[in-house]
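Two complexes are shown next, each including chain A; its partner changes from chain B in the first to chain C in the second.
Up next is the complex of A and B:
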């Protein structure tokens, strides 16, 4: 499974989306369940899936799927595999 | 966080409560009215005169209901909470869990925090053993879920590790020391949140009460039953459980043995179809979303195979 697929599966589970709803340009404003508790779940899931801990500032600062990918890329996670 | 005053019975009887009244749960009504000097009111009945303090003796449901009722109908009246059973810790927290449209709603407001909580050890002997054990399960659920919560601070984890060490030394039975444990565990979970056990308990309590009336379903019993399956999932699917437990020098296997002791396979089998039917609601529950492990749709299979095991 590619890292992109892992991220997609993770965010589909965190925010209880239909897989078809997922897009790499999804933003926080488009997802009702991306609230403060969603931020907590997302941070837990990212640590479980990619082994990278998000600080509270990073987690709350994320506004889109692209932001998550950028944070993970900066830590060496490759998405264009 | 502000804490309620902690009184014993003598403190209560000597306190200047002004004009006080009493709400008492049916199970302890005669016990309470024979020992307390306050006039007994029917819960939620309209106030007919001045009242400065309301003394409430009962379980978490009655104490939480009193918090919300006072907030709405008699703000400024002091709430004196006397738990008749341990588990909820409602007497020590600014949280109220109330039923609304067949759902459990969690409300938090600093005004919900009782003015004082009264520890009355004699009440421990009035609790049926099955309810006492379920209350122990509720205490364990609060302590473990707060300890593992992604919102727990390192300082809180140290407090909870000490608390759980004390809990391991207590019998899962009528022992009045659980009153204090319960208040402490609840005060901790009010800071860090809880997890999947509470997500399941909040989601299933009302459907189970409707579908299986007379089987005695309640919050504490659901917590006690789901402790072992949920903590097994957390432990199997994430290394965090063992890492944290080892870091705080807690005996992980001894804890799991306690949780297994509280497990009731027959009740679990009765609850399982409802868990499957309401799984998506469980996933969306605010408590589930602060579980130590990210709870995913596929994790339902763990509970289904747990039953078979």
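Up next is the complex of A and C:
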């Protein structure tokens, strides 16, 4: 499974998305279930899945799927594999 | 004092008939009794002298974890049977098929005492633990009344498959949430039956309200109080009652407690009065709680689950990693991945995240109390459960 697929599965699971809803440019404003508790759940999930801890500022500052990918890329996670 | 055991009663129902007409007060205990014989005898020694004749005692309830012996008047019970007979339009009913333990006050009053008082046949040779015999009893049924609890509906659907039973003309539900979303299925299985939602509790011995199924679309609607019964809310929003048919007292670990006509007795349910005079149950007082400032009502969440899940479901309480109150959804039997997604989709559509369960788990079958209700206290300790989804908080 690629890192992109891992991220997709995680966010589908955390925000209860339909798999067809998911796309890299999906923003927080488009997801009604992306609330403060969802941010905590997402941060825990990212740590479980990728082994990288998001600071509270990073987690709450994320505005889109692309933002998450950028944070993880900066920590060495490759998404174009 | 006469102590009767369910096993003996089932072997020879005339034992119960004799006990009813003899002056001595009797106690009827379930087969698997949480109290020892010594505990029962010690409890009965607490009974005031005037209650040692013309009364009977039933045991309740495993669901709160605090068993009590409810002390009831035979005269009051017979009065209630007459009221129910009239309100339920039961004159045309010739027999009643037992699907619950007779030690459960709902079955004891609605079925055994009703059949005795009105000289109707009590079919007690079948129950849901013996599905083939139960099905046979329903095939033989002739103008029959069936008394069920909502959690039995998935079992009935599974056991009875596509068969229909026109010989059943009354189906009663009590003992918890009314299975409103299954109404079409119930009507298909029992096409000639009038269906009722009964509401009450052991202290009411046992009925407080009644509604015909079609009179409301809401599973929490319990209808209007029976004649002579007063309902109100206490300062906590809990439904309380005064009933001329209710228990006269109870015995718990602290001894005998008398219930006087002046007492408002708590039901343990939160409720609200509707404009039309009917009442709506909002949930058990211990099934409504705050999570991250949001008021969580488990019965409302159960409606969401029931709309998209055909199996059995129950919630149990748990705190999350932050120490906040939460709840876990337990399903049986094991759902398919698409069924889990369907439940999760429904949570996302209808409820904010604070209302979502901490986890969705399943086991092959949920543990039941003798009265057919889900044994919620046993849910957290179940082994061999499968976790299908978790919230990561």
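Everything below uses one rule, namely that the second predicted complex is superposed on the first by the 81 of 81 C-alpha atoms of A that agree within 3 Å, B and C clash if a C-alpha of one lies under 4 Å from a C-alpha of the other, contacts with A are read in each partner's own complex, and residues count from 1 in each chain.
We take it that a contact is a pair of C-beta atoms (placed from the backbone, for glycine too) under 8 Å apart; a residue touches a chain by one contact, two chains touch by 3 or more.
Because the structure is predicted, anything quoted here is derived from the model rather than measured.
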When chain B and chain C are modelled together on chain A, clash or fit: clash
Contacts of A:37 with chain B and chain C, given as first, second, both or neither: both
Contacts of A:69 with chain B and chain C, given as first, second, both or neither: neither
When the two complexes are fitted on chain A, the stretch of chain B hitting chain C, from 76-84, 112-120 or 220-228: 220-228
Doubly contacted residues of chain A, that is, touched by chain B and again by chain C: 13-14, 16, 33, 37-38, 40-41, 44-45, 48
Of all residues in chain B, those that touch chain A in their complex: 150-151, 238, 280, 283-284, 286, 289-294, 296-297
Touching residues on chain A, where the partner in the complex is chain B: 10, 13-14, 16, 33, 37-38, 40-41, 43-45, 48
Complex contacts: residues of chain C adjacent to chain A: 292, 344-345, 347-348, 352-354, 356, 389, 391-393
Contact footprint of chain C on chain A as seen in their complex: 13-16, 18, 32-33, 35, 37-38, 40-41, 44-45, 48
